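Chains here go by letter, A, B, C and D, matching the order in which they are written, and residues are numbered from 1 within each.
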Amino acid sequence: VDVMDARMAVENLPERPADSHKGTYGTCLIAAGSVNYCGAALLAARAAYRMGTGLVRVGVPGSIYDTLAGQLPEATWLILPHTSGVINSEAAKVVWKNLERVNALLIGPGWGLENETKEFLEDLLNLQKGKGNASPLGFVPEEHELKNASRKLPALVIDADGLKLLAQIENWQDKIQTAVLTPHPGEMAVMSGLSIAKIQADREAIAREYAQRWGHVLVLKGAMTIVANPAGEVAIIPMATSALATAGTGDVLAGMITGLIAQGLEPYTAAKTAAWLHARAGIKAARQLGSEASVMAGDVIAQLPQVLNEISS
Amino acid sequence: VDVMDARMAVENLPERPADSHKGTYGTCLIAAGSVNYCGAALLAARAAYRMGTGLVRVGVPGSIYDTLAGQLPEATWLILPHTSGVINSEAAKVVWKNLERVNALLIGPGWGLENETKEFLEDLLNLQKGKGNASPLGFVPEEHELKNASRKLPALVIDADGLKLLAQIENWQDKIQTAVLTPHPGEMAVMSGLSIAKIQADREAIAREYAQRWGHVLVLKGAMTIVANPAGEVAIIPMATSALATAGTGDVLAGMITGLIAQGLEPYTAAKTAAWLHARAGIKAARQLGSEASVMAGDVIAQLPQVLNEISS
Amino acid sequence: VDVMDARMAVENLPERPADSHKGTYGTCLIAAGSVNYCGAALLAARAAYRMGTGLVRVGVPGSIYDTLAGQLPEATWLILPHTSGVINSEAAKVVWKNLERVNALLIGPGWGLENETKEFLEDLLNLQKGKGNASPLGFVPEEHELKNASRKLPALVIDADGLKLLAQIENWQDKIQTAVLTPHPGEMAVMSGLSIAKIQADREAIAREYAQRWGHVLVLKGAMTIVANPAGEVAIIPMATSALATAGTGDVLAGMITGLIAQGLEPYTAAKTAAWLHARAGIKAARQLGSEASVMAGDVIAQLPQVLNEISS
Amino acid sequence: VDVMDARMAVENLPERPADSHKGTYGTCLIAAGSVNYCGAALLAARAAYRMGTGLVRVGVPGSIYDTLAGQLPEATWLILPHTSGVINSEAAKVVWKNLERVNALLIGPGWGLENETKEFLEDLLNLQKGKGNASPLGFVPEEHELKNASRKLPALVIDADGLKLLAQIENWQDKIQTAVLTPHPGEMAVMSGLSIAKIQADREAIAREYAQRWGHVLVLKGAMTIVANPAGEVAIIPMATSALATAGTGDVLAGMITGLIAQGLEPYTAAKTAAWLHARAGIKAARQLGSEASVMAGDVIAQLPQVLNEISS
């Protein structure tokens, strides 16, 4: 078991040559949010930028565009088809049509658990093989408009409600390339069928076992977050703080991981590096504010530049 | 009479164990706002987060969602049915359908005094016993969709226009479990039938009397805020500052109390602790800005982390 | 001629007794903004709050409510009837219906010069005597709904496009109670029929003459702002800075004057005090930012608390 | 070749006399943004203000007004006709109708590449000679409403997608007065037909050649930005930093150049001065945040006042 530390984190971070441009640092797409959980998209996107991503695109249900888009002028936006404010299956082809140059795709934050969004997830995955069950209507692109050759999703990060919906899809493990899954213990329980108590009783072993069984990188969140990969490697983040025990910090972590993958990090490396930086930023936010209780997710993002500074000097 | 001080406040605050998660710190629901008073929802919600609440849900009339939701990405949102921008009776069942895991419910800030919202309040209370007068339409859940067994509202905090509307309901005292009521002298006059002069002439005695008579925790706001409970206990907040004499500071206090109850504090303890922290934050905001006149409600919220810091060290 | 200084400014400021409440510091209503000039309402409202006003209500054309209201949660809002995004004559009765407890009314910032808004201004003034030419439709209150007894507008501050439209109304001088008019030299030229060159050649004499002729307090803006009243008194603000030569600083000054009148200052006193504080805040903003060129109107507002602090100590 | 330095930059900056007003510092119009790239308009506008422009007008597709306008209260706004969120040809006359007092016009940021917007660009240019192909509908002004005498666009800055669309117009070089074109190497490749590799192999020579061939000021962005004018003069910005390798920094630079031209700088002088200040602000933002990776475009704008301060002292 690797115990992550500052030196490891800094060694994993991408180089920043002086003669680089935004294309050097990749593009990520974040398909997130719903009418009830709209802020998740903002938190994840801002976190991806603070990690150095060159361009962050945010795909949201059209009905929440107005309240969000002006809040983050550095982002570009994709309007996703929706039903009553939740992403619906028509959105799958819209995402597929906009994957050019996308190096990492984050799905799940703020989705909710509506059936329409589950259909979106199914279609998103099925279109990899050209056999989606989407029935395009209106402005949605037709199947033949999608590029046909070797359609493959970019590196995936799946978080939050995306995990719960994924668990409802039979053999989901085999329908995606190596992805990063970021469950907290409650979501891990839904995915694995184990009880939360059982998961928490041996977090390291459970994470290792399921990363191997499912063939994906697993980030088992909580105090002392565990990151495991399909090859059996496991890293532990040796920090625990109540500063992160507040809504939205999971969206922040998911955005950070996605942003690092977009810059070329291998998914397991990105996940353990982001998880370490995230924990440190939570602790730092509490120190800077003066209170662990008062930390909000946005405060964690705001500390990322200084965390990067500290570990580099 | 207890005279609140820093030591008492800090002793009342919830523990923050390192291995906690957002569920540890509860969920509150804030049903607030209207087209004319939309900001109240934001102020109360942000204040609840700064007090350490794990998750803050904000229920607002659908027509003000667009202007508000992007301003607080850490919150989750509930769209409430409305008539011309004020919450209407259809909203009662929407709230009831979303009370799962809600540990504290704040009602009243920014409501306005329209009849439609009074009906909402009546239905909200009546549904406790399954005999509401709501006539569900459209997307509003049917009566049978609501859980039937022992329907009970979570701990209530009632503020502002919610108090004035409550006073119009016959025997309102008996229709709610022990709640926290937070009137300023003008609202106390409407509720009690006494003149403001009479209330101000003996704030402590009046607060004690009505807390006992009504059977609820009473926060009589103003210089030297008085907090009283049905058992006859009374606490005084020994601070007075014109820094808090500005619109929206009441919404901040209501959010703070609700946030502490969501974390497990007993209502009377939450009310007197929040009132003390709120007064101290007002004084601190004036010092930090350099002027009592210039303090705005948002400045008070911004000081909460440092107030928590000061009293803990 | 009075040369305003820090001591005079501080002496004019309202007392802030510790046992005060928001009602102690008055209410102002700001009827401002249009689709092309929406930010004026925000700048004026925030400035009024920073001067200590207890409650600031903002009336805007309904079509710009969504983009503005969430930006200033401390304000309360009034939806004004509009035609294509500019205030129209139907709005006059809406304003009249909402003047209860309003101690000062600001009109003009961000209005534009459309004929519909001119009609609003005419009707607003005419309703003082019960002979408006408004033809109420839809939700607009009927004439008989307005209180009939001695209808009088609160203390008025008129700025920007409001001045240009006012100049189009015959005998406007006699249709309003003593108001504060805040023209820059270009607006003064429109109002007086003089050339800008002539006005600038003897600012003090012109301001004195027209304040007396028109019977209103006149704030002739620009380097060395002149404030004159109908009694022939004149004050000069002995400051000039390019930091204030940027869009929106006029809205800030208008909000400050209105906010001081709402707190009980006599209009002439409020105008000269606000003008002095405003100039000082502009200079201070440039110092704090490091550049006069970079100062934006919002930066001037942000310096008001420290300006109040400096002169009080 | 001039190597730009702090002394040159400061000498080029406009004087700021104490008795100036906002008219002294010009007006610029920024026609920018689309549903997918809405933030570009905000970034460019804020940057123009921070450079000292007296008034910044922002023209955006009507559908993105709500999400943007409240974010920058100092700006004034122009609603542009649009098709599905992108500027369409009807907007050309709206822009022409609003050019009075506009000293500099920025086009291109955030446009996207839709055909409707290409038609807008063509009509905007064609109306210079009175032979546009616009077919006005609805509220769009008729041809005869436009002033006929010597219709000439103000000084132009063309950026981003505006450059790619421009390249599709035959003989575009001759259809505009001397403009500032701000391509990055990818856009320069589209415009020139050269490969990116060839452009990057000899940036200085390429920039000089094409500035002369096209007859426009050329800003070839990237590490060591090159600025060239039609007379064969070339300036190099001797700075390279990955802090600027992030989305939106190009919008910031375009707004800065436009803002300096609005204040009376000659286009070539404005371009090289802005490019130098922009590079320095990027470096400064990284130092202030502690990390080059974390810099976002808004951080660069925030450093402009201090950059101006440093070089002036």
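Quick note on the criterion: a residue touches a chain if its C-beta (ideal position, glycine included) is under 8 Å from a C-beta of that chain, and two chains touch if they have at least 3 such contacts.
Because the structure is a prediction, the values reported are computed rather than measured.
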Leftover contact groups, counting everything except chain B: one piece
Centroid comparison with chain A (C-alpha atoms), farthest chain: C
Numbering shared by both copies at the chain D-chain A contact, with half separating same from different: different
CA centroid of chain B to CA centroid of chain D, Å: 49
Cα-centroid distance, chain A relative to chain B, in whole angstrom: 35
Residue list for chain B, restricted to those that touch at least two other chains: 66-68, 70-71
Complex interface listing, chain A residues touching chain D: 13-14, 16-25, 49-56, 65-79, 304-306, 308-310, 312
Residues of chain C touching chain D in the complex: 35-40, 42-43, 64, 66-68, 70-71, 85, 184-186, 222-224, 240-242, 245-249, 289-294, 296-298
